[in-house]
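Presented sequentially are two complexes of chain A, the first with chain B as partner and the second with chain C.
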Partner chain A sequence: MLIQLITSGIALGSIYALIALALVLIFKGAQLLNLAQGELVTIAAYFSLAILTQVQIPYLLVILPALVLAGIFALLVERIVIRPLIGSEEWPILLATWGVSITIRGMIGLIWGHEPRPLPSPFTSSHLRLGPYALSAQEVVIILTSLLMLTFFYLFFTRTKSGLAMQVVADNATGASLCGISVSRINALTWMTSGMVAAVAGITISPIFFLHVDMGFELLLSAFSAAVLGGFGSIIGAIVGGYLLGIIQTVSGGYMPAAIKSSVPFVILILVLIFRPTGIFGKAIVEKK
Partner chain B sequence: MLKIHELSVYYGHIQALFKVNIEVAEKSIVVLLGANGAGKSTVLRTISGLLKPRNGQIQFRDQAIHRLSPHQIVRMGIAQAPEGRELFPNLTVRDNLLAGQYTQRNPVAKKESWERVMDWFPVLGERMNQQAGTLSGGEQQMLSISRALLSSPILLLLDEPSLGLSPILVSQIFKAIVRMNKEKGLTILLAEQNVVRALSITHRGYVLELGKVTLEGDSRTLKENKSILRSYLGTA
Partner chain C sequence: MMAQASQKWILLVVLVAFLLFLPWSLGNYWTYLINLSGIYTVAILGLNILMGLGGQMFFGGVAMMALGAYASAALTNYLGIPFYLSILLSGFITSVLSLVIIFPALRVRGLYLAMVSVGFHLILDQVIGHWDSFTGGYNGLSLPKVSFAGISMATDRAFYYVVLAGVAFSLWSASNLMKMRVGRAIWALGQDAVASSVLGLNVTYYKVVAFLLCAFYCGISGGLLAHYLRFITPDHFTIVMAIMLLVGMIIGGWGSLTGSIAGGFFVTFLPEVIGFFKDYFLGASTALYDVQATISGIIIILVVIFIPHGFAEWVKGLRLKWRYQHKKE
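The block that comes next holds the complex of A and B.
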């Protein structure tokens, strides 16, 4: 029982880790909190649903085209909504991302309806036997895909020129422009990457949770708690916080009534904010007055 | 090589530069002198595209550059070690230097410029894996200059390279400036408050006072001029 719970926890944690990572990428790179991050998860799930109902391809193959579409979609959001606002204060930008969130949810409702829809995956009904344990195959798919993605992005960040440019812009945009780096181009790349990271979460979780317009928003709330737990603004913190929160939520959920299970992330959020506001890996920011 | 013509720059409603004219000849070292707030940094920031002029032009090798973005100006061959250094404090010294090479494609040239920088500022080699924010002031200054050099500029802008450094480090940095110019034919425009030292290594100088050029000429001639000291100390 406990082993299965922990596996499910790691699977859910992978999803949180990906979304928290996507959130932190934009937070660091473009200095803004993207409240539409959850909708980038949702839209990717619906993209894969649309692709799967149009063409007969295996579930795992849908990840690639859905990722590309999600990346382009995130890029468009940056170009159309965020870029014209660059240079204005934090609040208008924050509200604009909230507007994007509401708009996308409305659009999805118009196109695909408000009823929950299943995303067919051959892995939902099968199990992997590991000695006495039966693990859900879809959960194993989630864990492996997420690990693959995290490794890929780690290598991208640390080994490529564009990855370095993204880190540099996040650390000091003026300094980056003095190195010949186009900050607006890197910002666009950051949005695209963040959209794709979120998309992996949406595509892999949908076969377990049904697709619905609010799925991304609900996941965002938990992922936000995960990022705070890890230390908001820290990339490694987002990932560790994501896995921790997923495991804590699932394991404790196994021993408590289902009705209060979903409150666990918020209880953790409140506890972290009271006792360790910098999170696990975060640094205190001293604001000059 | 660089011609600044009737340049006027504003911060909001406040005018910081008044019809400034400056010329920098190829392979020369030119110094901008003046007290704090005289407009030295404003000139350098405008050349790099971090500020946009309201009036006037900046021409680099007969091309107007005053409407280009900072990253385009770096690609044309103008690099700057700016005021405040603008390093990447949370990244390692190595990553800071690699960022300086961002525009460079030729692997042979990249290796060469890397080795040259290590030769000029050997202390950076010992600090490669340290976070830039943890370096001493002098090391940060060397890192900032090195990062600028790694984009293989034709024109190097240095904003008060000796600011806040110990006398030994100041000599080291001034020596490096002379070597860059002699060994690589690099053209250098620097802002300095260290008047006597700056005039002894440069070819030409401009004195700025409250956003206007009040004096210009050969560094040797300027060195004899008594009013330099007055403008350096401010008019008060």
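The block that comes next holds the complex of A and C.
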């Protein structure tokens, strides 16, 4: 029982880790919290549903076109909504991303309706047997895909010129632009990357959690708690926090009433902010008194 | 001097007479909308004190309204307290209950405070939704019809006066509070927390006061809503409503207490206007909720991009620009 809960926890945690990574990427690159990140997850899942119902291709292949669409979509959001607000205070950008989130949810509701839909995947019905334990194959797919994505992004950040430029902009945007790095282009790239990371999360989780309008927003809030748990602003922290939160939530959900399970991330968020606001790896965010 | 003073009095009398007779010149539906606007005005007033003046990014106004609504409903349903007392008491109860969120909220600022308040909202939503025996859960909770001194106040027209009294009391008390030491301290806090603490202001104390005041007004607003609709479910206190209150506050003007009235009207009438145009352009069969969400989201984006400091500031800016251009010619 416990081992099985922990493996589902790791699967859920991989999703949290991916979304938290996407949040932290944008936060570091542009100093803003993207409340529409969850909707980028949702819309990628619906894109892949639309593709799967139109053309007959294997489930794993659908990730590629959905990734491209999600990247373009994130780029459009950055161009239309965020670009005009660069240089303004914190709250207009926060509200604007929330506006994007509400708009996308309304549009998804208009196009696809409100009833939850499954994303067809061949892996949901099959199980892997390891001795006495049975693992859902979809959970294995989630864990492997997200590990692949995380490795890919690690290499991207440390080995490629664009990745290094993104790190430089995150560290010091003025200095970066003095060195000849186009900050606005890097910002666009950051948005695109985080849209794609979110897309992977959306496509791999929706065969288990049914697709519905609010799924992204719920995931976003959990992912934010995960990022705070790991230390907001730290990429390693986002990943570790994501896995940790996924395990805590699933294990505690196994022993407590189901209604409590969805509140676990907020309880953890509030506890972390009270007792260790820096999280595991982060820098201080506490209000100085 | 005398002439000016008497002019002021005449204006006030005309205004009061107008407000007292207003519902008799309107149909029931318009009165209903005006009542709702008044109720949301009170909540936005609370948000204005905390966010507009105090500068705290707090998104939990609607959660506080929910606390007030359920507190007021419980007082009336389980203890039989008359509605006017229970509305007033719900303000105090909400303040006390909000201490749960105020203490964590004091530790963080900016984006973190915003997310903590969203978390507060969602936890509260779960609690209300699953505590069936007390709140009725997602099936909702009914309240008895309100009456005052034997007269039924349950019609739109009669309840208009209750709302009017609530709005007048809130505006009057808030504008007086804001002229007192407390209000000025909260304003200073919003301008620059570090500078105010250097000047000897107890920042934490006044922050708590700002939160409590916000909770008080939001609680009263929730109490009014509960007794007006006589039926409350968690669906009346959604996260979308939370952001709409915020946009209403921004449109009315940051920190402008009278601007809260404009905000209340905006929050109430925007869905109505959208509904009207939806029927006209898309036909009655399209889901209203989704169209409202889409258009509201777009309006939020447009507001923060083009008029981030409210309508009054925007008009003032346009006027200055116009005057400047005419001078040049």
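By definition in this document, the second predicted complex is superposed on the first by the 284 of 289 C-alpha atoms of A that agree within 3 Å, B and C clash if a C-alpha of one lies under 4 Å from a C-alpha of the other, contacts with A are read in each partner's own complex, and residues count from 1 in each chain.
Please note the rule applied: contacts are C-beta pairs under 8 Å (C-beta built on N, C-alpha and C of every residue); 3 or more make two chains touch, one makes a residue touch a chain.
Everything quoted here is computed from the prediction, not taken from an experiment.
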Put the two structures on top of each other at chain A: do chain B and chain C fit, or clash?
fit
Looking at the overlay, what does A:G175 touch: chain B (first), chain C (second), both, or neither?
first
Is A:E115 in contact with chain B, with chain C, with both, or with neither (first, second, both, neither)?
neither
Thinking of the overlay built on chain A, is A:L273 touched by chain B (first), by chain C (second), by both, or by neither?
second
Apex chain A angle, CA centroids, chain B to chain C, rounded to a multiple of 10 degrees, is 90
Now for A:V183: first (chain B), second (chain C), both, or neither, which partner does it touch?
first
Who touches more of chain A, chain B or chain C?
C
Minimum C-alpha spacing, chains overlaid - chain B and chain C, in Å:
16
Chain C-contacting residues of chain A that also contact chain B
none
Under the touch definition given earlier, write down the residues of chain B that touch chain A in their complex.
48-50, 69-71, 74-75, 79-80, 82, 86-91, 95, 98-100, 102-103, 147-148, 151
Given the complex, residues on chain A that touch chain C span 33, 81, 84-85, 88, 90-96, 98-107, 109-110, 113-114, 217, 221, 224-225, 228, 232, 259-260, 262-263, 265-267, 269-270, 273-274, 277, 285-287, 289
Within their complex, state which residues of chain A touch chain B.
161, 164-165, 167-168, 171-172, 174-183
Considering the complex alone, what residue numbers of chain C touch chain A?
57, 103-104, 106-112, 114-116, 118-120, 122-123, 126, 129-130, 203-204, 239-240, 243, 246-247, 250, 286-287, 289-301, 304-305, 308
